[in-house]
Amino acid sequence: MAAPRYTGLPTFMRAAQVGDAAEVDIAMIGVPFDAAVTNRPGARHGPREIRNMSSLMRAIHPVSKINPYKLCRVGDLGDVPLPRVYDLSATVQDIAGFYRKVRAAGAVPLSAGGDHSIAFPILQAIGEERPVGLVQIDAHTDTWDEFLGSKFTHGAPFRRAVEAGVLDPKRTIQIGIRGAQNTEEGWTFSRDSGMRVVFMEEFTGMGVKAVIAEIRRVVGDGPTYVSFDIDGLDPAFAPGTGTPEVGGLTTVEAQALLRGLQGVDLVGGDVVEVSPPFDPTGNTALVGATMMYEILCVLADAVRRRREA
Amino acid sequence: MAAPRYTGLPTFMRAAQVGDAAEVDIAMIGVPFDAAVTNRPGARHGPREIRNMSSLMRAIHPVSKINPYKLCRVGDLGDVPLPRVYDLSATVQDIAGFYRKVRAAGAVPLSAGGDHSIAFPILQAIGEERPVGLVQIDAHTDTWDEFLGSKFTHGAPFRRAVEAGVLDPKRTIQIGIRGAQNTEEGWTFSRDSGMRVVFMEEFTGMGVKAVIAEIRRVVGDGPTYVSFDIDGLDPAFAPGTGTPEVGGLTTVEAQALLRGLQGVDLVGGDVVEVSPPFDPTGNTALVGATMMYEILCVLADAVRRRREA
Amino acid sequence: MAAPRYTGLPTFMRAAQVGDAAEVDIAMIGVPFDAAVTNRPGARHGPREIRNMSSLMRAIHPVSKINPYKLCRVGDLGDVPLPRVYDLSATVQDIAGFYRKVRAAGAVPLSAGGDHSIAFPILQAIGEERPVGLVQIDAHTDTWDEFLGSKFTHGAPFRRAVEAGVLDPKRTIQIGIRGAQNTEEGWTFSRDSGMRVVFMEEFTGMGVKAVIAEIRRVVGDGPTYVSFDIDGLDPAFAPGTGTPEVGGLTTVEAQALLRGLQGVDLVGGDVVEVSPPFDPTGNTALVGATMMYEILCVLADAVRRRREA
Amino acid sequence: MAAPRYTGLPTFMRAAQVGDAAEVDIAMIGVPFDAAVTNRPGARHGPREIRNMSSLMRAIHPVSKINPYKLCRVGDLGDVPLPRVYDLSATVQDIAGFYRKVRAAGAVPLSAGGDHSIAFPILQAIGEERPVGLVQIDAHTDTWDEFLGSKFTHGAPFRRAVEAGVLDPKRTIQIGIRGAQNTEEGWTFSRDSGMRVVFMEEFTGMGVKAVIAEIRRVVGDGPTYVSFDIDGLDPAFAPGTGTPEVGGLTTVEAQALLRGLQGVDLVGGDVVEVSPPFDPTGNTALVGATMMYEILCVLADAVRRRREA
Amino acid sequence: MAAPRYTGLPTFMRAAQVGDAAEVDIAMIGVPFDAAVTNRPGARHGPREIRNMSSLMRAIHPVSKINPYKLCRVGDLGDVPLPRVYDLSATVQDIAGFYRKVRAAGAVPLSAGGDHSIAFPILQAIGEERPVGLVQIDAHTDTWDEFLGSKFTHGAPFRRAVEAGVLDPKRTIQIGIRGAQNTEEGWTFSRDSGMRVVFMEEFTGMGVKAVIAEIRRVVGDGPTYVSFDIDGLDPAFAPGTGTPEVGGLTTVEAQALLRGLQGVDLVGGDVVEVSPPFDPTGNTALVGATMMYEILCVLADAVRRRREA
Amino acid sequence: MAAPRYTGLPTFMRAAQVGDAAEVDIAMIGVPFDAAVTNRPGARHGPREIRNMSSLMRAIHPVSKINPYKLCRVGDLGDVPLPRVYDLSATVQDIAGFYRKVRAAGAVPLSAGGDHSIAFPILQAIGEERPVGLVQIDAHTDTWDEFLGSKFTHGAPFRRAVEAGVLDPKRTIQIGIRGAQNTEEGWTFSRDSGMRVVFMEEFTGMGVKAVIAEIRRVVGDGPTYVSFDIDGLDPAFAPGTGTPEVGGLTTVEAQALLRGLQGVDLVGGDVVEVSPPFDPTGNTALVGATMMYEILCVLADAVRRRREA
């Protein structure tokens, strides 16, 4: 990491390229797929721009002092191959298949989307043996049902994951939810299935510390996945996304939340919905890379704890 | 609202087009006029882009659960015709004339500017029988006198409205005021006429809840207009405006303020000074549409209350 | 058309909105669909931005002096409904069904895409009784076969149309073709099926006048469709597109080609592949609107000639 | 001019600031005014950005080898004061008054607009004693009559100038004219008053050399003004303008035309309609500065010839 | 300051141009230099764009009511000449030489960068007789040692200044520090030399008022310099910079900090690292100009106090 | 090359990464260096963006039908390491050293800059045994002498190369030269040393075919290098560059020139001065990638001919 940061091929975080998940403890993976969006596309270009901006990331965390590269083996596994990209449900299967192999190889995945639909097949792999808990930062619950004939849009992954038995709704917390809706269907599913929904208004009232405590209460000690939809942030901080919702989290708040996950038994994570065509400054991709680095640190620490346990 | 949101002709909020104000309780109106600015133009393009971005708005409010379309009839009345656009004072009259007809038809106006000069002729119509109160979110008091020979610039509407007897300064509160000035004239007029001015520094110190209480104290039970100048927000949240002032409100704060108006006897509102040429991400127009939706909800609730009273 | 051009709801060319194709001779239609692209998406936003920019269009053509609104009835029929947008082959059927109704109503369609995949279902409707000829301005032949499992990508419409018997390859001319390819499959199909392919290099050598003569020779007197892929232009003139190819037509050349179609028996046309997210100046959408106006003029003249015949 | 070009206060061409027109032979002047546009505003910001980009200009012309700073005294006289900017007809008078003083001081003006309405008051000063000839490069004839109640819009300056007797229509040539119109009024006025109109189609057919010959034939030996509307260029070369018309001149063609004016008795010139808010790359302002430099060279040569005559 | 703000040559704050530092009490100076950056360049264009945007600044401060132009003589001294710009260490000397002359003339400098490397030579001049204290708002400590062979990069100025004995580390406070690092070298130097480092996390916990108290405690009554690196702000507020770090100060917080310096014995200040090529909205330059105005007010008050003492 | 083009790590042309020049016949190399510019920086980001956009390139050339990957081994060798980036003359040596190794390994280099200063050290390696001929497409001759104390700016490489005896001026042709200059020094050096300079004006007059003939006449049969400065193109086609000069080549013309090099004994090439921060659409980088692909084809053919000779 001594060369100027604008040089070289941009792997995630300037980590080594790896061809086999077995070479690493944490596999960083791109999922350049956006055919499941309901509004503006472009998140297919997310992995490239997040990789590009992630060259600005460095090793030692300024608060936790975690250096993830010292705690475990970290590498860039490339992008998920998508040979049936025009067929949404087939692609969901292809993604799940890829992540099953990653998991079989013993690696923990940290992914960059792509739209949020990718979270369902990832959870299918991660939660296959035992449903996982979830910390979701997002403007939307993404627990809606079929839309325009498809059950696999980016508004539905966590409903599908609960139905598939790979996500434990009782150990799920959704933070930053806001924005009007045409029906209450998604809100209702989240509530009725037992998810803890922290609407933006409640978030502001509670403050970050109380929300972190609530996260830890909800997910407990079990294996937990963290999914960061960039639209959980206010669009001033992350304009480059497909379904922006005004009135969201600041980056300072989001970083504090992610740092608050240290000690949780994390088994994977993702940053999704970065859409470069709507991001003229590149700042959204930079924010995406930064949040991915924050997750990398707490994930590496979880890997270390499991190894040392 | 079931079709993908990027399809169809973009009316405000994807509401029905109406040709006659009598068909609706709330008439959404564009005022594509910016000849009264003192610095950067472009707000004439505001109505189009706010309409365009307002396709992302939906029906049910996430906090109040208000669905404005259930409470009353809402439609897009199109743009105010501006047949004398090169003559500023004549155009002020033309706008006033249009809004008098809207009012005569029994509709309450919710407008998208255009620069802030449009607030004076709107108030001429709204406050014709009885001066109204005002909740103004803005970086500037807009109570300055003549500038470069004109009494009708976007820095003057509320001074003109007080002079015309259509605005009650004792029931006026101005929130978010900041930015240096070359004379204290405007600040002095606001203070001396009895307006309550909440400078940004005071806003930060008080916090949102106290400011909402202050709003309600100032405007009381009388008919009240709400005017939202997008430059009340910090330019990080709304760069696309003609006279940006660094150090303003966040969108979370602004939404909380507008939600705090539920229960006030609102008789109209506007969102002004969105200038698309200075808004490469489109986020300012999205914020404008969102604030317009927030006002729509509390306005619809006021219509309902008056109807039920 | 007397109001300032930035005012009002942006229908195509500021023409009247119509709800029924039977009300017009020429129906302008948006097809906000881009799920068939092979690279950058965004053309789903094309119809909105082309409509927006088309407000700059006016009535009387500067060269031909054609005023299309005097020659026949012209209206904006809105966007094709896309209720199965996540299913590419179903959507192809939905588009074809819509255009069959337009044709049954006696209207000639002038469409704004959307990606180029929409040309196949349009031709299915237009060429149903008798295969049509084609003037195609494009960087790519769009006669490729299956890609990543789909036969309906935007690289395939004219191959599909020939196979379906709705396009006559002997009366097809493709102009502006360029860009490297990984296989020669598409070039080969065009040539072997009898299409006349004018590669960019040949275009430059021949000059515009000779190419117009060649167009007229190829399409002859039969019914002919004109399809204008915006990537036929050099990306300096039209950067906002999904598969830009450097080294293309200028707008002066393209306008001359379209003006050269006066006298051809045109039965429909389209402008496709305008992708606003990649078009920061809006110029690509303006070019799209301008080419659509050019086609409108020669199409209106063809309508007049058929009516008078 | 030895310092890096991004340093220092940006005067036009990095020439000296002068406070009095009598100090120079050629006075470069900004006219930051755009209240007369019919569509997109922003040209008020033109002088600043043209000045900014003009730092890239240097002294010795690559073709004519003219060094204007050797031939005569050249300076930046600042911007025309606009104390009545909200009153269009008063501002026309203010501009005329300013230029009368420049002329009285013996300086020849080279101006940067601002919209094209400024050409009328400039011509009022320049042509006061004797009507001048005109070389106009433009997409529009700008000889339209009243629009929305005003006779002084940017579509009318040359009609007003003919009526005022300060412009000789018989010695006027308009080049690059194109774009549809809603009435033929402007085209008709140009033709009927005796102006030579070279529509874009004719320009392409004739070629640059023949057009230069035609210019020289039309303007002859009399005093001649050159007015360069940046929208004469194709918007690929100059997107940052208020009324772009697709299908215009290239910069290579425009430079050749301006170089062809060497030997004409030039008495002033302008570059207008550069609108920075619509110019994200800054290229339009750079083109404006370059065309201004081209005019400066032939203007300086004309000054020299008159001095030596 | 009565003319429209988009007119005239853009000096800093529209103050008078001065050719000699002796004419003013506060000299505003541009340092268009960015050859010392470690990542993205462009800050060489900072002075021009900050000047340009500073036209929006006015005289009377909204909170302190300070009018700096009433308290002392303020002028724009132009840019530091940089005749050896390709030689980094020579340029450091050239800058120091320029500021020594400013100081000798009795003027206090307020500078616009340029990258942060310029702070070392400025401090060499300012702290020559007695080391100064420092209030630094920044994402990085800028106390790193040699990088790629140079001791003068923008990551090193305050280490160099301590070593040169012109900066008192015990009277230095660094606020907003964040971002991962590859070594702890800089953090260690700051801590070991006695600087007070307020990491972003601590800043959030303390709140602005407590940080202001801490500033005053650290710098005490001695002469103090204020250095504002625009990357101290979150990139949502200031995207146009070379080394953005997500999770920073808001503009409201930064303005409060600077206002809190009233009463400190300020002897100079700067705003650095504004990089216009990465600032498509221009908002970063506007923020830079605003922070410069904030510093100007407290600096002018310090000048007044020293004069009156 | 079957995967969607927005996926995977962006090597040049999606070619294989290679760690050793001996593995390939043509080594594609990035030189992320811009410390030698005289105006706007940013070309250090060129290699990344050219790589990114080069994913749109494919294999078989549409005119020559050359498939470079069939003719020889082609790979991406990464970026030149720049360990002394703050020292311009040392970096010139570092670059030369790198290319000497490439040459020693038997590979022919095809480079992406970076600014044009990199051409001198490349030529030092390529022309070490025998001075090479040069085909230079450029707005500037780049034969100027020392500027602000440095002999190695991007305005000087070809003067340095002639002085070093590695470039044969008699076999050098410079095409597209234009733009005013403050002294004639560079033009004079080119002429006096025997270079053939085709100024833009002459280019327009001759036409592309005659210029190709002239190229072949000048360079003859000897080993020849091709250097493509992106500012040789008009800034409408390539705005993202540091020293844009209005009035340049079109991409169609430039492609024809490069295709005309088939048969010349090419021994290397480069595309330089692509500056992504000034390229909001990315089109300049796409043009850069396209020109690099054009050079790759004729270079591969030259490699084949030498192998077969």
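Worth pointing out:
Just so it is clear, A, B, C, D, E and F label the chains in written order, and each chain counts residues from 1 on its own.
Here is the rule we use: contacts are C-beta pairs under 8 Å (C-beta built on N, C-alpha and C of every residue); 3 or more make two chains touch, one makes a residue touch a chain.
Note that this is a predicted model, so its numbers are computed, not measured.
In summary, the chains found to touch both chain C and chain F are A, D.
The chain pair from E-F, C-F or B-C that repeats the A-E interface, sharing more than half of its contact pairs by residue number, is C-F. Summary of the copy comparison: rotating chain A onto chain B for the best CA superposition needs 120 degrees, to the nearest 5. Here B-C and B-E were compared by C-beta pairs in contact; the pair with more is B-E.
Between chain A and chain D the centroid-to-centroid distance comes to 56 Å (mean Cα coordinates, whole Å). Centres computed as Cα averages put chain D at a distance of 42 Å from chain E.
Computed from the mean C-alpha positions, the centre of chain D lies at a distance of 38 Å from the centre of chain F. Those residues of chain D in touch with two or more other chains are numbered 4, 6, 40, 44-45, 82, 85, 148, 234, 236, 278, 280.
Contact topology of the protein chains: irregular, matching none of line, ring, star or complete. Chain pairs that touch one another: A-B, A-C, A-E, A-F, B-C, B-D, B-E, C-D, C-F, D-E, D-F, E-F. On the side of chain C, the complex with chain D involves touching residues 1-2, 4-6, 56-63, 234, 236-237, 250-252, 255-256, 280-283, 286-287, 290, 293.
Across the complex, chain C meets chain F through its residues 38-40, 148, 177-184, 187, 199-201, 204, 234-236, 239-240, 243-244, 246-248, 250, 278-280.
Chain D contributes residues 34-36, 40-42, 44-45, 82-88, 90, 148-150, 152-153, 277-278, 280 to its touches with chain B in the complex. The touching residues of chain C, counted against chain B in their complex, run 3-4, 6-11, 17, 30, 32, 44-45, 47-48, 51-52, 76, 78-79, 81-82, 85, 280.
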